[in-house]
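In the two complexes below, chain A is the common chain; its partner is chain B in one and chain C in the other.
Up next is the complex of A and B:
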């Protein structure tokens, strides 16, 4: 089965051949069919590049280092990755001159764990047919509704429009408006449910979720906003690197601080939840900050506008006092 | 924190981060004006209220504090022009997150106390200790490894 559209492959090959770029950052196959991994390609091995419904990772963070190397690299960015890429550009982390952004289309990515729960295993091929996905497996062909196997982050898709690009692989598909998705508007629904619980119920919910944390740091390492060279959690003197999985506040602290450090810069790309090996819904922490920022300081989508000031590095004299948290209705 | 086993009475431990330019001086004024505030309040001097990292607050709780109060200059009076405006946004978000995590309301507070407001410092601290006393010991945020 062809695993990459001819459009993307031929555009990349043309860019490499006419000397615009030297490398391409894309995906290659891993051990299993669904096991795709980010990789850098040159002219010689470009045929190994794949892009299909399993290529979910947000590659933006790689360009911090890749753009500092010699020569130009082609970045294959899905619409939601362009928000993170923009945010990193805004923070002067990426050298724009060394990156050629090729916008690629995305129709939602498939979570192989969700497919396994539906009994779809031994996958050897996948294709989308309308709202259905058809898997080829070693046990024969199986199909299911696409929304049942989408990643959490694709359930609240920001839209199909690229925020930044030098070229698009398919210009006909590019929509006019950025955010036009009903699910995106409903992304705070679960948070509102939590807010209507009592504090003790909320506490039990979070302790239940976060006590599963094994402190593998995957959420931190994958996060495109989390790009400090030295992280507070890497400081051995701080005592936060120890892995005590006792019933205490340590895991909560790690996750509060992790989310706080990207507050106002988090584009809600959902990578933290996608990579968590313990399936902790970490996006609920980041989204809470986004919700608060939207409510208190005005609607803000990180990465959408490269010129706009960021909510935590700006202020107004009329900002609400912190006591508003205890006074307002929503939270019980 | 060692809860006094002998008299079984809960004595809250309060950490107060006080801005060097106003609230710390306010505390001084409270002292020299012979206004009393509870001895449970441990004052930590910071150069500005925006120096207070969210980690400081969570750490204080982990290590046994029952309440944390951040006292800074009134908005508009910051020695560094705008520090307290940034602190105000950060602390609002952090307090909201703590609330979202299910921590009792009122364990954290921000107050604006100027160098001339010794009486306000004393009154605020008395009131805050009273609030924390009513909330009881901090169980949710403590870290067992940090217990002596």
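Up next is the complex of A and C:
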């Protein structure tokens, strides 16, 4: 089965051949079919590049280092990745001159764990057909509704418009506006459930979820907003690095602190939850912040632009006063 | 390891009454690093300071903790003490056991316990203190006065007389402010114009004073001694350098629809106008909202008749940037909106007027040329009711909770002047209390009652309604304990005053604080009444609180004295507790620069050596002279690269740990 569209491959090849770019950042085969891996390609190995419904990772963060290198790199960005890319541009983290952004289409990415729960295993190929997804497996062809196997982050897709690009692999598909689908609007439904809990219930919920954390740091390492040269948790001077935690509650605070650090900058790309080996719904922490920011400072989508100020770091006279904490009460 | 001395102050009984000071001293005596812990009755006294100096020398202390009042009160004192004994002044920590313990606790055990905890926190912080050295910054020898009323004029004149340059920025077309609208001034009854206009002339003629009328402050950056201010000079559409002030244009203007602000809207003015005869500068302004030429393109009569070709319909606003060492806010007041006081029928009845409108009706330059005629039919009123405290001392939420302070005196003035000029007129005054403290003030009020027979009624008015061409005033007489009705020809409301609304925006620009009533806050209500808590910003006149003319002038001169004291210095000592960025941790993300209210952070490309790896990085650089040490950047920095000297994250965390132990 062809694992990449001819459009993307030929555009990349042309960019490398006419000297526009020197490298391409994409995906290559992993150990298993669904186990794709981010990789950098040159003219010589471009044929190994793949892009299909398993290529879910948000690659924006790689361009912090890639853009510092000599020459230009082609960034294959899905619509949702462009938000993270923009946010990093806004924070002066990416050298724009060294990146050629090729916007690539996306119809939602497949969570192999969800497929496994539906009994779909031994996957050797995948193809989307309308709302259905057809898997080739070692046990024969199997199909299911695509929405049943989408990643959590794709369940609240921001839409199919690229917020930044130099070229698009398929210009005809590009919508005029970043119309988010219905699910994007409903992404706060679960947050509201959490808000309706009593503080004790909510505390128990998070203690339960976070108790599974093994501090593998995958969430931090994948997060495009968590891109400090030296993370406070790795900084001997911060007073919190390599500290023997007095109890598991202190361990839980890692995630709370991380949520505070990315507040106002998190684009809700959902990578934290996608990569968590313990299935902790980490995106809920960030989404709570996003919901609060929307309510207190007006609707804001991090990474939708490069120019505008960010709500938590720009002051306006309409900003909420600190007393809002009391007015809203503990359950909001 | 630091060698720390702890000094617990009794503050007489202020602290010792609620905090067991001896127990505090004993409790921290064995904390790590503490080599001496003692208490004394008044640590800030000469004897107390001597104790500290001796201990520093005797024990070779490297830092001291003083458990006493708020650092705002005596931190500077104890820093000087430490310095005198050879210690770096920033090796001093204050544990506030007065405001935060004795003054708010009743239970001595609780107060003592908290004092011990705060002392331990200060000790924990002190362990991480490092000696700091203060830098210096230059002073721009020019002051800005915002507001050209009597307060601003007086402040500017005093500063200019001391030899420093002053700019006055006034948003209306002329200086003079509210005082120019007044008829007579209490308690001596001199005519306001006679005493004000010479001062206006002095200000405009003074070689050190520069007037920006019809201008507004648009942005303020910088800090004490080095402010940069953007001033918008609004387009007058008249070239000030060509205009001779002949006034032909104002006479010929065919538009007569604009309400005359100077006369409180009691009559109309042309679209091109000079606010009043003695206006400074004597240059007209075109009101674009009413100008026929500006609206329809037809007319332009003023330009035709102007003998000096000064009219310029194309003129644009101009932005001027100026540098100042000090800024004085003198933005004054306005009357409150009376929409919440429907019972007095101000909006319905032309003959219910505010006291400021009455000033104009009694003024020779006013709409009635000084003859008291009521607005509805231009007849002489024969019975007048004054209602005091309209919107003042109002806790219902409709008005203002404070006393506007000037109304008792001006109402007595109005009543007396009317009785003097029109003895056939009956004058009643409804009051809650008559408040007339001040030199010759109570005598003035008593003259109104005793010599001029003004009828003072203790009580409030419930309702004013129109009845057969008269105003039926229904009120209560609390002394006679009866309801009374008066059929009046004119009702005058002693309307509460509030800070000019522009002050809110200005306070934001100056980072000066305002109170719940939008009055600018002083640095200390008693000891620093004309300084704002923001260094280099001073307060003059009603923007700080209600006051009459004599008090305003006194405060204006006081503010000027403070400004002169500042401008007289060649260098200012900077606060060494400023932010600094760790170049190895900085991501270059610019978030700190976004939140910095002082514009103290810039970004540079610099080659750094990160553990042997050399590379050029975009990193934050703090201008230490501009940084005010607010710490906004330190909490914004995601990587913890920003820290505040004297208040490092580790110091704060050490305090928190000590408190939570």
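Quick notes
Methods note: the second predicted complex is superposed on the first by the 312 of 332 C-alpha atoms of A that agree within 3 Å, B and C clash if a C-alpha of one lies under 4 Å from a C-alpha of the other, contacts with A are read in each partner's own complex, and residues count from 1 in each chain.
Basically, a contact is a pair of C-beta atoms (placed from the backbone, for glycine too) under 8 Å apart; a residue touches a chain by one contact, two chains touch by 3 or more.
Since this is a predicted model, take the numbers as computed values, not measurements.
With chain A as the common reference for superposition, the partners chain B and chain C occupy clashing space. In the superposition on chain A, contact is made by A:93 with chain C only, not with chain B. In the superposition on chain A, A:248 makes contact with chain B only, not with chain C. Of the two partner chains, chain C is the only one that A:309 touches; chain B does not reach it. Of the two partner chains placed around the shared chain by superposition, chain B and chain C are both touched by A:317.
In the superposition on chain A, A:47 contacts neither chain B nor chain C. In the superposition on chain A, A:35 contacts neither chain B nor chain C. Contact with both chain B and chain C is seen for A:232 once the two complexes are overlaid on the shared chain.
In the superposition on chain A, A:17 makes contact with neither chain B nor chain C. Note on chain A: of its two partners chain C and chain B, the one contacting more of its residues is B. Comparing which residues of chain A touch chain B with which touch chain C, the overlap comprises 232, 312-313, 315, 317. By the touch criterion given at the top, residues 505, 508, 582, 584-591, 594-595, 597, 603, 615, 618, 636, 638-640, 649-650, 653 of chain C touch chain A in their complex. Residues 191, 194-195, 199-206, 232, 244, 246-250, 252-253, 256-257, 259-260, 263, 285, 288-289, 292-293, 296-297, 311-313, 315-317, 319-326, 331 of chain A are the ones touching chain B in the complex.
Residues 68, 91-93, 227-232, 235, 237-239, 261-262, 265, 309-310, 312-315, 317 of chain A touch chain C in their complex.
Here chain B touches chain A in the complex through residues 54-55, 58-59, 61-62, 75-76, 82, 85-86, 88-106, 108-110, 140-145, going by the rule given at the top.
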